[in-house]
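Look at the two complexes coming up: chain A is in both, with chain B in one and chain C in the other.
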Partner chain A sequence: MLEASKMVDRTVDAMSGPRGKKPKKALSGRNIMIYGILLMVSLYYILPLWVMVMTSLKGMPEIRMGNIFAPPVEITFEPWVKAWSSACTGLNCDGLSRGFWNSVQILIPSVFLSIAIASVNGYALVNWKFKGSELFFTILIFGSFIPYQIMLYPIVIMLRELGLYGKLGGLVLVHSVFGMPILTLLFRNYFTSVPEELFKAARVDGAGFWGIYFRIMLPMSLPIFVVAVILQVTGIWNDFLFGVVFTKPSIYPMTVQLNNIVNSVQGVKEYNVNMAATMLTGLVPLVIYFISGKLFVRGIAAGAVKG
Partner chain B sequence: MASKPLSARLTRNLNAKIAALPMIITTLVVFLGGTIWSVVYSFTGSKLLPKLKWVGLKQYDRLWSNSRWEISIENLFWYGIFALVLTIAIGFLLAVLLDQKIRFEDTFRTILLYPFALSFIVTGLVWQWLLNPEMGIQHIVRSMGWESFTFDPLYNPDLVLIGLLMAGLWQGTGFVMCIMLAGLRGIDEDIWKAARVDGIPAWKTYLRVVIPMMRPVFITTLVIVAAGIIKLYDLVVAMTSGGPGNASQVPAMYVYDYLFQAQNLGQGLAASTMMLLSVLIVLIPWAYLEFGGKKHA
Partner chain C sequence: MTYSVQIKDLDLHFGAVKVLQGLNLNISEGEFIVLLGSSGCGKSTLLNCVAGLLEPTDGQIFIKGNNVTWEEPSKRGIGMVFQSYALYPQMTVRGNMSFGLKNAKVPKAEIETRVNRAAEILQITHLLDRKPSALSGGQRQRVAIGRALVRDVDVFLFDEPLSNLDAKLRADLRVELKRLHNQLKNTMIYVTHDQVEAMTLADRIAIMKGGVIMQLGSPDEIYNRPQNRYVADFIGSPSMNFLDGEYRNGTFVKGDLSIPVQGYAFATQPVEGGAITVGIRPEHIVTGPLVASAPYRTTTTVDLVEPMGSDTLVWAKIAGEPFRIRMDGQATVAVGDTLEIGIDPSRASVFDAKSEERL
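Let's look at the complex of A and B:
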């Protein structure tokens, strides 16, 4: 596990660029090939985003006549307005805004609760080991590989017993449970790297479990909290399965509502509105991705060394 | 310790135990309890509500004689093989290209990784639009003069997996590239120097030295990607809803439909147990290699 934390750090170091000097000759045949391939691959990766944005800015007549790759002749923001405020799912025509606010309401408590639980948990696993703690941790990590499908129905029963089935609170709980393996691993690996002397000194000064957590561990590990927030915000925002299974139509998260809008069989297909809606849903994780940069990579690396 | 009374042992380190309570409940009740519950009830004839009425292996007999399940398994198998091999191969090649001390490495990496931040729903819907036969790629190629060009994977049962693969690869290869890049950067620079001194060409060094050295990275990536593929669900829902016909059904969809739509609990649980089994087939050899083999290393 120590190796795992080292690998996370190494990943981040590695992302800060290659070692050694930059090459001097820019236009060798080898370089042309490398850049050529990379440019072509990049094009393949950018194209869907480009098409999505362009389609969302065109009117329907232009879409029917034209080329999906071409920029709009006449830019219109009508599809965005419609997607946000009046696109229909079934009989409801109040747009994606409802799904957006549902997702926000799901997101904030889920992120807070899952990180609170996992950080304290990771801290207990590193500094306050008790009999069986490692065993629970191992089961937790292996549990993250079990297909969710096998746990769906038992969780429905548990939530029903708690009176939380079909409610926001239930979904928050589910996100906290399934976020626990990866987040606990993340915090556990980070806290392992905090010098033990610090912990011992605080113990000598009479600080207890919570005192050390709030006064030493928490302030010292703000970067890893940021990584955890990035990981959770994108993960929970992008969730579809839990939203479908554990909530009801009036509180469906944005992804579920988006799918219902775009894949609804009724009415004429408005591709521009559909793409605007898709773009709106993708915007939150995209913004986080472009702002966070290397921290996002760090979150991924933590996911990769789980187990 | 053993001589102390039980209550003293329990209260020792009490705060830590309280803090770990969510983890203990999650592992014991949700992960272990939930899994065992599902496996047990997969041997019952439960319909709308769970009932302990034993029917032996009947649910599994019915499962494997259901053509929809058969299609689901076949789809998952072929999609899985291609997705696994291609994401890892492409991810590795891209990582190698980015590792050539190039300029704008950050820009390229940002571009290759951004789809990974998007959900499968968003991915599926964008690709559904790109592959729309009347307005998407097929239409563009035809309007450029190649009138007979046909590429409509989402409407062709024989090609639908290719459509899913295009979207799946677009979303997932950036992730593998990132992991592989980290693995490449972890390899000692001296190995490259030694290879150069011996006059070994770069491709040969990758093949004979670097890839074998990165074995653990490959295995970890393999397990993560494979575990993700078995859960494949959102992408199919968004892109094809399992169609055309039943051509792109996957096991996770079967489970969902039987648990929550068809109200045939026993059947859905039997299907989910098969999913668990397939993950264990991937996971157990890996766990054995990773943790069992450590003593010899």
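Let's look at the complex of A and C:
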């Protein structure tokens, strides 16, 4: 009798034991570790930006007092205005605004041209294989491993012969060509992930090379186009080497101009203006990231990583 | 006589791999042909050649008497339905169905009528303004069929259209496809690896292996008179039992087993003492009271029982070989039971053991 009641008790115990989700402690060692490290790393990355913003909002006397981490006592936007419209580079004293518009004029046609050509390249390499298309692709990929510096001089000669040296058009051409390997790879990998049957169905439906490209492929590949735009905008906007080599002072892109402002040897080092100018220059890629961040991640996940 | 589709000496090689070899196939007007085979047998490749999506290495393809070997897919008078549906994701159902007609520059009013008519036949009128992502698998496949339907083509090509659907939906759509064929009377070429689809849908089945057609015939012929051991083994589930032995004086002999095969209609008489294979379908082996009337009777022991509801599959051994017997689903049978079975040699298939051809 006693035995039996004991057994009953045990079954009740088993039933009232752990059930459902296992509770987790919020302040476990694991969590402290993870969030602690994350916090430190983000501080490390945010600090330079903090210093830049603060410095750019201070007047020179305040900067000379030191305390680079301290917020400004007296907020002034003058450095920003000066950086944009009246900082001197060489003989010109119209600030970064000239470089900004030069960069825009370089950026828009380069991005458009390189993406247009590379997407058609990728599409043709996947869906319209021709004799030697694999070889062509290999050569193209090889191109992305060659350091740019090696090709500078030959390109100078080529541009001179084409009559494009020192012109915006020349720089646009160079940017489009150099964007080709990585962009073609990007598009090819994305289009590989589009089911082949879709392409076959479109052919049975009577669509040709361009018909399939514009009506089927293009509408399906917005994410990868966003990725390409971001890559190209950041790449071309931040480019310094090609800008300084293939253009002349009146059409220098913003990065070159920024360098000339910051690295000027004469006169007082205007840290606040330099900081403001640097941030102005970095603004365009930043804005693009913020606008299209979500699509960017989706595009990367959709095709860029797959082999 | 002009055939609807005529394939002449078709070869297709990918490098050193010969996917299709000297393939000939004539398909009559309004016929439902099923290309059946395991994966890699070249059935989809053949279909893609007919569609013009793959270029043959050699040979010719005629559709309605026209040589279309070098013709673009859209100019061949074919409509194709794919396994993955291949609907254009950014277009509505209506857009999907009218895409081909727009490319062919058909007038708008005509497109409207044709799309509506096809939608009515397939009962998808209420879905016309939806995107493919808002449709179920069965609905998507219906739209894919509709896309082929609006183009008013002579020949429909189906590339495993039901393989992506679940079992119940597959059975439903199979019936619908058959109904559609009865209604439209178009020529249809249908690729599948599912033998039930092949048996139920086809006027004629072509069983393929290694790029050649092993047998072309009606489902009845394929099932009851397989031309070779491969076909016999491939068709039927559970598959046929094979016994390898010798032919001696009108009897099949294997060890101490001897089955009289006088009742069997030999196409070519086997050589005395020649090696032959007898194939017996599990469902052609009788048990219970029917055994008494069977020409050949024996007993065996049950090794394993697989109840499948509608029927029960029993594994036993005959002359040391594993043997499948299909019994009624209500039969009470347990492992270790002694089972009396009867075989009718006239329903069996006999093959030459060497050439594996039917005798």
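Criterion: the second predicted complex is superposed on the first by the 269 of 307 C-alpha atoms of A that agree within 3 Å, B and C clash if a C-alpha of one lies under 4 Å from a C-alpha of the other, contacts with A are read in each partner's own complex, and residues count from 1 in each chain.
One rule holds in what follows: a contact is a pair of C-beta atoms (placed from the backbone, for glycine too) under 8 Å apart; a residue touches a chain by one contact, two chains touch by 3 or more.
Predicted model only: the values in this text are computed from it and were never measured.
**Q** Once the shared chain is lined up, is A:49 touching chain B (first), chain C (second), both, or neither of them?
**A** First partner only.
**Q** For A:195, decide between first (touching chain B), second (touching chain C), both and neither.
**A** In the superposition, A:195 touches chain C alone.
**Q** Of the partners chain B and chain C, which touch A:29 in the superposed model: first, second, both, neither?
**A** neither
**Q** Does the superposition put A:255 against chain B (first), chain C (second), both, or neither?
**A** After superposition on chain A, A:255 lies in contact with chain B alone.
**Q** Which holds for A:61: it touches chain B only (first), chain C only (second), both, or neither?
**A** neither
**Q** Who does A:216 touch here: chain B (first), chain C (second), both, or neither?
**A** Only chain C is touched by A:216; chain B is not.
**Q** With both complexes overlaid on chain A, does A:207 touch chain B (first), chain C (second), both or neither?
**A** After superposing on A, A:207 lies in contact with chain C but is clear of chain B.
**Q** Looking at A:267, would you say it contacts chain B, chain C, both, or neither? Reply first, second, both or neither.
**A** neither
**Q** According to the contact criterion defined above, which of chain B and chain C contacts more residues of chain A?
**A** B
**Q** So which positions on chain A get touched by both chain B and chain C?
**A** Dual-contact residues (chain A): none.
**Q** For a test of understanding, state which residues of chain A touch chain B in their complex under the given definition.
**A** For chain A paired with chain B, touching residues are 7, 10-11, 13-15, 17-23, 31, 34-35, 37-38, 41-42, 44-49, 51-52, 55, 63-64, 67-69, 117, 120-121, 123-125, 128-130, 133, 136-137, 139-140, 142-143, 145-155, 157-158, 176-177, 180, 184, 208-210, 234, 237-241, 244-245, 255, 258-259, 262-263, 271, 274-275, 278, 281-282, 285-286, 288-290, 293, 296-297, 300-301, 303-307.
**Q** Show which residues of chain C lie in contact with chain A when the two form their complex.
**A** 48, 51-53, 72-75, 78-80, 82-84, 86-90, 99-100, 103-104, 147, 151, 159
**Q** Which of the residues in chain B end up touching chain A in this complex?
**A** 12-13, 15-17, 19-20, 22-24, 26-27, 29-35, 37-39, 50, 94, 97-103, 105-106, 108-122, 125-130, 132, 135-136, 139-140, 143, 170, 174-175, 178-179, 181-182, 184-186, 189, 220-221, 223-224, 227, 230-231, 233-234, 237-238, 241, 251-252, 255-256, 259-260, 265, 268-269, 271-273, 275-276, 279, 283, 287, 290
**Q** Spell out the residues on chain A that touch chain C in their complex, using ranges where they run on.
**A** 195, 197-198, 200-207, 211, 215-216, 219-220
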